[in-house]
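Take a look at the structures listed below.
In the two assemblies presented below, chain A is common to both, partnered first by chain B and then by chain C.
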Partner chain A sequence: MATVAAFRDETPSVKTIAFAVSQWAGHLAGQHVDIRLTGEDGYQAERSYSIASPGGTAALIELTVERISDGEVSPFLTDGLALGDTIELRGPIGGYFTWRPENPSPLLLVAGGSGVVPLMSILRTRNKSANRVPGRLLCSSRRFEDIVYREELDRFAASDNSFSIVHTLTRGAPTAWRGETRRVDTQMLAKYALPAAQKPRIFVCGPTLFVETVADQLLALGHQETGIKTERFGPTGEKR
Partner chain B sequence: MIDDVLWADGNAAGGVLARFFAFDVTRMLITCDSCGAESPLGALRLYGGQMGIILRCTKCGAINVRALENGGALTLDARGARRMTYRPESNSS
Partner chain C sequence: MPITRGFKGRQTETVGARDRVPPGQYVTRDFPVLTAGPTQRTPLESWSLSLQRGGELISRWSWKEFEALPQTEHTTDIHCVTKWTKLDTRWRGVTFDDIMKAAGLSSAPNMYVMAHCDGGYTTNLPVADLVDGKAMIATHFDNMPIPTTHGGPARLLVPHLYFWKSAKWVRRLDFMEANTPGFWESMGYHIYGDPWREQRYTNDA
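So, the complex of A and B:
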């Protein structure tokens, strides 16, 4: 079980919820939890949500959840919870899509929308550690106001010369925008992805088609399949 | 084309499969019985519904693993996996 400890709005449709967790052995950056809701009629819905807070043993974890209007679980998480409420939460889950700060490989993160959440856990973990191997985040969002963690990402980029962040906005940008303004494509990856010769550890997270496109193009650019870890959100934007 | 957007990654099946295995299965190597391709379970294609999950080979699309939850009973059908290899100490993170 987990108890709601805090809320924070990230964007108009994305909210971070902090949960106090019991019997928690700690988690690795990139892992997720399963949340199960049970209705009064016994109907159950279960979804996976990435952990946003840095890896470690803290008994307070943060999930960042996008409100999917026709979702079964996310509207309850973003709008139906109050401080002190308890929910059925299981985890941490998944040792595959994980990153440890001991990893010496250059780090390339590619995020589509709220796919930035597990990558933020990686970034926060990296920021807390001594790991300063070269890294880059390529982050695709719809509009400027939809960029999740924008100010914190700006601070990371400003305080760490070894890590750079490139934003692209796919549905319109402010007039003074200096980032990219189209979907992540081959040219953009060729420009911003760390060279394949550096054998970066790559994490791609976002909607299924986004992840599929990016992974295919990274392979075409010569990156090794074993170096690319992907996490797709599936058709509804709610994982699973 | 519809199939192209309906799957997630095997990684998301970790919670359901944790009911069958005593260790984290997402790093377990699965050898497809149909084409012989080897892949971490976390990288397989996951198709899911309320009743259960299906994990398919990323190379040939064959069903490798099925897990069903029905009336409190858990059923695991892994006949599409020729081998399952788990190395507890391996750390690819």
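So, the complex of A and C:
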């Protein structure tokens, strides 16, 4: 069981929820948890959410949840929970989409929307560690106000010369915006992805189509298949 | 079970189909894509399927030869460990029984199989879960060639187990003596993966 300990609004539709967890064995950056909600009639819903807080054994873990308006679970998590509520939370889960600070490879993170959440866990873990192998985050968001963790990312970029962050906005940018202003494409990856010759460890997380596109283009740029770890979420639109 | 204060849930999704939805699953009409790495795109000219025992070749089929094997249609529900269930999915392909027959095997030489795929993915399966019409290598979904994102040109279909067992881009079935864990089975997921017993993770009963 986990107890709601704090809330933080990240964007108009994204909220971070901190849970106090007992008997937490610790997690690796990139792992997720399963949440199970039970109604009074016994009806249950289960979903997986990425852990946003850094890897380790802290007594609090943070999940960052995007409110999907027609979703069954996410609106309850973002709007229905109150401080002190308890929910069933199980984890950590997943042993592949993970990063450890002793990893010596350059690090390339590519995020689409709330796909930045597990990558933020990696980034926070790296920031707490002594790892200063060159790295970069390419982060695609809809609008300026939709950038999850914007201020914290700015602080990371300002405080660490070995890690750079590039934002792109796909649905319009404020005046004086200095980032990119289109969907991630081959040219953008050619410009910002670390050179394939450096054999970076690559993590791509975002909506299905975003990840498909980015992974294909990274292969086309000569990146090694085994170096690319992906996590896809959301609908594919292939309804029938 | 502990009640979650204020949670009602939607429930409508599973009305009329609740006995077909394993615990912890929800029904989707979408067809989500879950893959640990990039999508594989092997041209049909260089595709082949191999049946092996302990790494030694028993039989191999080119795409043309494989398409000429007996075709079976199967409509079934599928259950992904990431919690979605999709009802009444329609597949066509070659059953494991027909693959064995085409290789001239009257019985399996070992109790387990490791499926090997393009991209390096593997998954382990008991032979008992493949025979008697329980599994096929599917080449068609909804009467169309399976899209690459969903494992085309050919994927395993073992629908009574969680769908990570239905490996995409399968190229090699290797009989083995021991139930050696595959890719996800070595990384925290259950060695067998029965959705009705909710065997998601390593320590689930």
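The rule is simple: the second predicted complex is superposed on the first by the 235 of 240 C-alpha atoms of A that agree within 3 Å, B and C clash if a C-alpha of one lies under 4 Å from a C-alpha of the other, contacts with A are read in each partner's own complex, and residues count from 1 in each chain.
Following the convention adopted for this analysis, a residue touches a chain if its C-beta (ideal position, glycine included) is under 8 Å from a C-beta of that chain, and two chains touch if they have at least 3 such contacts.
Because the structure is a prediction, the values reported are computed rather than measured.
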| item | value |
| --- | --- |
| Superposed partners chain B and chain C on chain A - clash or fit | clash |
| Chain B versus chain C as contact partner of A:Gln198, first or second or both or neither | neither |
| Contacts of A:Glu40 with chain B and chain C, given as first, second, both or neither | second |
| First (chain B), second (chain C), both or neither touched by A:Leu28 | first |
| Chain B versus chain C as contact partner of A:Leu219, first or second or both or neither | second |
| Partner chain(s) touched by A:Ile93 [first = chain B, second = chain C, both, neither] | both |
| First, second, both or neither for A:Asn103, with chain B first and chain C second | first |
| Touching partner for A:Arg232 - first (chain B), second (chain C), both, neither | both |
| Footprint overlap on chain A, comparing chain B with chain C | 34, 45-46, 48, 93-97, 208, 212, 229-230, 232-235, 239-240 |
| Residue numbers on chain A that touch chain C, as the complex places them | 1, 34, 36-40, 42-48, 72, 76, 80-82, 85-88, 93-97, 208, 212, 215-216, 218-219, 225-226, 228-230, 232-240 |
| Interfacial residue positions of chain B with respect to chain A in the complex | 4-12, 14-16, 18, 24, 26-27, 40-43, 46, 48, 50, 91, 93 |
| Complex contacts: residues of chain C adjacent to chain A | 1-11, 13, 23-26, 29-39, 82-83, 119-120, 142, 149, 183-184, 186-188, 200-201 |
| Residues on chain A engaged by chain B in the complex (per definition of touch) | 28, 30, 32-34, 45-46, 48, 90-91, 93-100, 103, 207-209, 212, 229-235, 239-240 |
